[in-house]
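Chain nomenclature is as follows: A, B and C, assigned in order of appearance, with residue numbering initiated at 1 for each chain independently.
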Amino acid sequence: MNTESLSILNIFMFILGGLSLVSGLGVVLSRKSLNSALCLVATMFLIAGQFALMRADFIATLQVMLYAGAIMILFVFVIMLLGVEKDAEKLSFSVPSYFSISFVFLFFGILFFGFRDGIITSAKSIVEGSYLDQLESTTEPINNFVTGTSSNPVLVPDLVVTPKSIGNSILVDQVVSFQAIGILLLASIVGAAFLAQTKKAPLLPGRGLKAMKEKHGSSTN
Amino acid sequence: MFSIFKDLILSLPLSSSLTQSEVVLPVGEISNSPLVDSRLLFLPLIPLVGALLSYLVGGKPKVEDDHHSDHDHGSSHDSHAHHGSHDSYKSGMSLSAIVATTASSLSFVLTLLLFTALGSGVSDSIVASAWSWIDAGDLNVDFKFRFDHLSAVMCLVITGIGSLIHLYASGYMAEDPHQPRFFAYLNLFLSAMLILVLGDNLLLTFVGWEGVGLCSYLLIGFWFKEMDNAKAGQKAFIVNRIGDAGFLLGMFTLFYYTGSLSPSDILAKVHNMPALAIEVAAILLLIGAAGKSAQIPLYIWLPDAMAGPTPVSALIHAATMVTSGVYMVARLAGLFSAAPHALLLVSIIGTLTAFIAATIALVQNDIKKVLAYSTVSQLGFMFMAIGAGAYSVGLYHVVTHAFFKALLFMAAGSVIVGCHHEQDMRKFGGLFKYMKFTGISYIAGTYAISGLPYGSGFFSKDSVLWATYSSTGLASTIEVSNGIFLNQALWGVGILTAALTAFYMTRSLFLTFFGTYRGHGTPHETSFNMVFPLLVLSVPSLIFSFLYGDTLLTYLAHWTRSDFLGGHHALLENHTYHQLETISMWVALISAGLSGLIYTFAKGLPAKISSLLSPIYKLLLGKWYVDELYNLVIVLPLRGISRVFFILFDRILIDGLLVTGSSVVVDVAGTTLKKIHSGTMKSSLSLMFSLFVFIILFWVIL
Amino acid sequence: MNELGLHFNLLISAILFCIGVAGVLTRKNTIVIFMCIELMLNAVNLTLVTFSVYLNNINGQIFVFFVMAVAAAEAAVGLAIILSVFRNFLTVESDEVAELAG
């Protein structure tokens, strides 16, 4: 292992990445939904940390504010509102689950083996003068890291995110997408507000709260 | 005893006075341009129409008592009990019998007309083409009939004796309720046989070949309600079929090398064929002939065929079908003359067949079986003649054999009917005083077949033996022991067979007609319908060869060896021939006389001899255990294999795996796939994701 | 940050995505399924930002901005739907809402 090119930032990167994996697993594997929500919050914070390490501070801040701050609050509210389950969900892996999980592994295999060279190579040809152009082969960084040789000097990306560049992008280059996002948010607000209304009459006969209560007995509440 | 024979043979001059150039085997093609006469087309057509009509017309004569009308003649070994006095001594003919006999008589008349047209005309043959049958690339086959000297002889025999047998059958089957079917089959057989003989193309001959095989099956198993009869019919058909496979392969070979299936074309192109091809084609065709003409190893069907009605035996297995093999070889004479190895094989097989069948006939107790084995034996003689290259001599023996064998079979049938359907000769005896006409006919037939002097069998059998002795094919070059060549050894076996023939035929005569009656009830003479053909056929059996033997050989000059063309008196001038003829005459006389003496005065002697030589007796009585051998070697393994395949393929694979399995697959698939429709979000998400993965996978791979 | 970060981040992102997919396909609680969807979105965000940094292009981060906005909208609507479903079925377990079972 070539520890010469390992800087403190790399170590932080490894730690943050590893922890985010752990908390991601926590999201999926926890029994109680509230635990899942808290693990997700932790994952978001950790990913925000990754963003910060890469000097994408704008996005890091947005991640914390939006995701961890607003969306997850929403989730926690809904979980609290709909009641924590009396019995913690037992994670049962039934046959359909095995079937699906195998596809997940297959997908990961495809990602890992199939896309590594292709996308990076095509990315190299799209963007000129980028950092990747200076690499001779796509696996060079890892080779350097593992075998301990370094034919190239250490290269550091030097993207600088300024409000000017962000503003340029939002309001000049990608203005259409920006406005569309605005409309989308408006639509979602209207939709959510409508869906969350309470109505006196049930939407379907035999499906109202009273009917459900009679069906399930009073055990759920 | 054998040393006597050996000395006799050794004392004869070995080098015959005939040189190589004088004995010319017939080769070459049928010569001059044929006459076209469309009356020929009617010849096979009349019996065919007759078959249809006699089936549709049907009926039994009204003179019959009705309460016997439903008794099937279930088995040919019917017990004598239930027939009483109602056997066929009435001469009423059912309508179908009348139609059928008229049809065959008409075809006989037509044959005579065509025969005279041929005799007086300018040409060697009459042809008539019905239509162009196959026109496929190189293969051009017309539905064309050819009436030349060879076919003329065969047609005369077929239609003439056929008509007499139809008349006979109308008497024999008078009590049978299934007469329409019977006569339809008989006429159908006649038609098929005529197609066989008249066909100008091997394919057309094959149509007739198969047709007679089919009719043989139908007629042998006529009383099919008895399992044994059905099995006998089946055996005949299957063994015949094996021969037919050989015939087909021979046809394929010939077509491959000559591009045609017409005998005239084939014979013209024989010189161009490689020698091996000629031999192979010849042997394959001979397999077909062996199947039809009951040679070793395909003779086993003929004795079993006695399960059919006696007229069937008379027509098919004496006069016509079994001679079609001989006819086919004669038709392609040029081909066979160019295949000396095949001819050698034929001689050996013919001789062996003749000998073995004769030994089996010696110990049989059923009169029809005696006659059946004697048929096989005589067919062996015909093949001996063919193997020697003397095709017309083989045909000569065909003609005389047709006369006396049909006579013998019909007489035997008459005896059987007269003794109330008894067939075991041990229950006969002294029938002469009850059935004089039948007796006279049987004596005439026995006289002819034994080769007693100046009967028709005498001349033909002697010609066969002489042809074998003096053959110049391969058989004359193989030395069996010091100084004796194969053809002379075959002659020796032939003489021995002739002796056996005389012996067992006289035995059957004496056991049946002389002595005291050992059976039940009173035998009676049979009806006019049955006796008349007997008397008619007795005449040619006795005098045909004397009057017309030489004419026949000259008529078939194209197929005759040159030393036979001068006639009998020319042959007699050959010293060797004279000696051989004398030997055979004395042999026949002595063995016939011996047999007569034993079975008149020393009736206990045969039993003593058979118990003395009991292993040999058992072997002969068991028909040399050939059927059992075939059963062991062929039938049982085949059954075993088919059982394996049945269980393996049919039950396990097809029934189990494919049929039941496919339903199980559908069932399981349905049950499994049903779970997709569980309606949960999870299942739809899983499905979506898995398909997405597949798409990505293919995108990456391709 | 040096060139090793590229590969590492991409790997982390892929694994997180697959974990998210596994969660979506496995869990029964609808809210947890939603949270796993959010996890997937986060993994994608990580990929986008990584590429944006290493390709020296700001548009990647703007795309992340939009993705977050969409995620917010989707979370709002989705949770509203879950509330409706809860009101009608009294449960958030996806297996019990099998009305379309065939």
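Couple of notes before you dig in:
Quick note on the criterion: a contact is a pair of C-beta atoms (placed from the backbone, for glycine too) under 8 Å apart; a residue touches a chain by one contact, two chains touch by 3 or more.
In this text the structure is predicted, and so the values were computed from the model without any measurement.
Taken as a contact graph, with one node per protein chain and an edge wherever two chains touch, the assembly is complete, since every chain touches every other chain. Every chain gets a centre from its CA atoms, and the centre nearest the mean of all protein CA atoms is that of B. Remark: among chain pairs B-C and A-C, A-C carries the greater number of C-beta contacts.
Inter-chain spacing, taken between the CA centroids of chain A and chain B, is 95 Å.
Chain B and chain C have CA centres that are 92 Å apart. If each chain is reduced to the centroid of its CA atoms, chain A and chain C end up 5 Å from each other.
In chain A, the residues that touch at least two other chains are 100, 103-104, 107. Residue positions of chain C with contacts to 2 or more other chains are 21, 25-26, 28. Shared interface positions of chain B, i.e. residues touching 2 or more other chains, are given as 682, 686, 689. Across the interface of their complex, chain C is touched by residues 5-7, 9-10, 13-14, 17, 20-21, 24-25, 27-28, 33, 36-37, 40, 43-44, 47, 50-51, 53-56, 58-59, 62-63, 66-67, 70-71, 74-75, 78-79, 81-82, 85, 89, 91, 93, 97, 100-101, 103-105, 107-108, 111-112, 123, 126-127, 129-132, 135, 140-142, 144-145, 154-159, 161, 165-166, 168-170, 173-174, 177-178, 181, 184-185, 187-189, 191-196, 198, 202-204, 207-209, 212-213, 216, 220 of chain A. On chain C, the positions that touch chain A within their shared complex are 1-9, 11-12, 14-23, 25-29, 31-32, 34-36, 38-39, 42, 45-46, 49-59, 61-62, 64-66, 68-77, 79-84, 86-92. Contact residues on chain C toward chain B in their complex (touch as defined above): 21, 24-26, 28, 30, 33, 94-95, 97-102. Interface of chain B with chain C (complex): residues 677-682, 685-686, 689. By the touch criterion stated above, chain B contacts chain A in their complex at residues 675, 682-683, 686, 689-690, 693, 696-697, 700.
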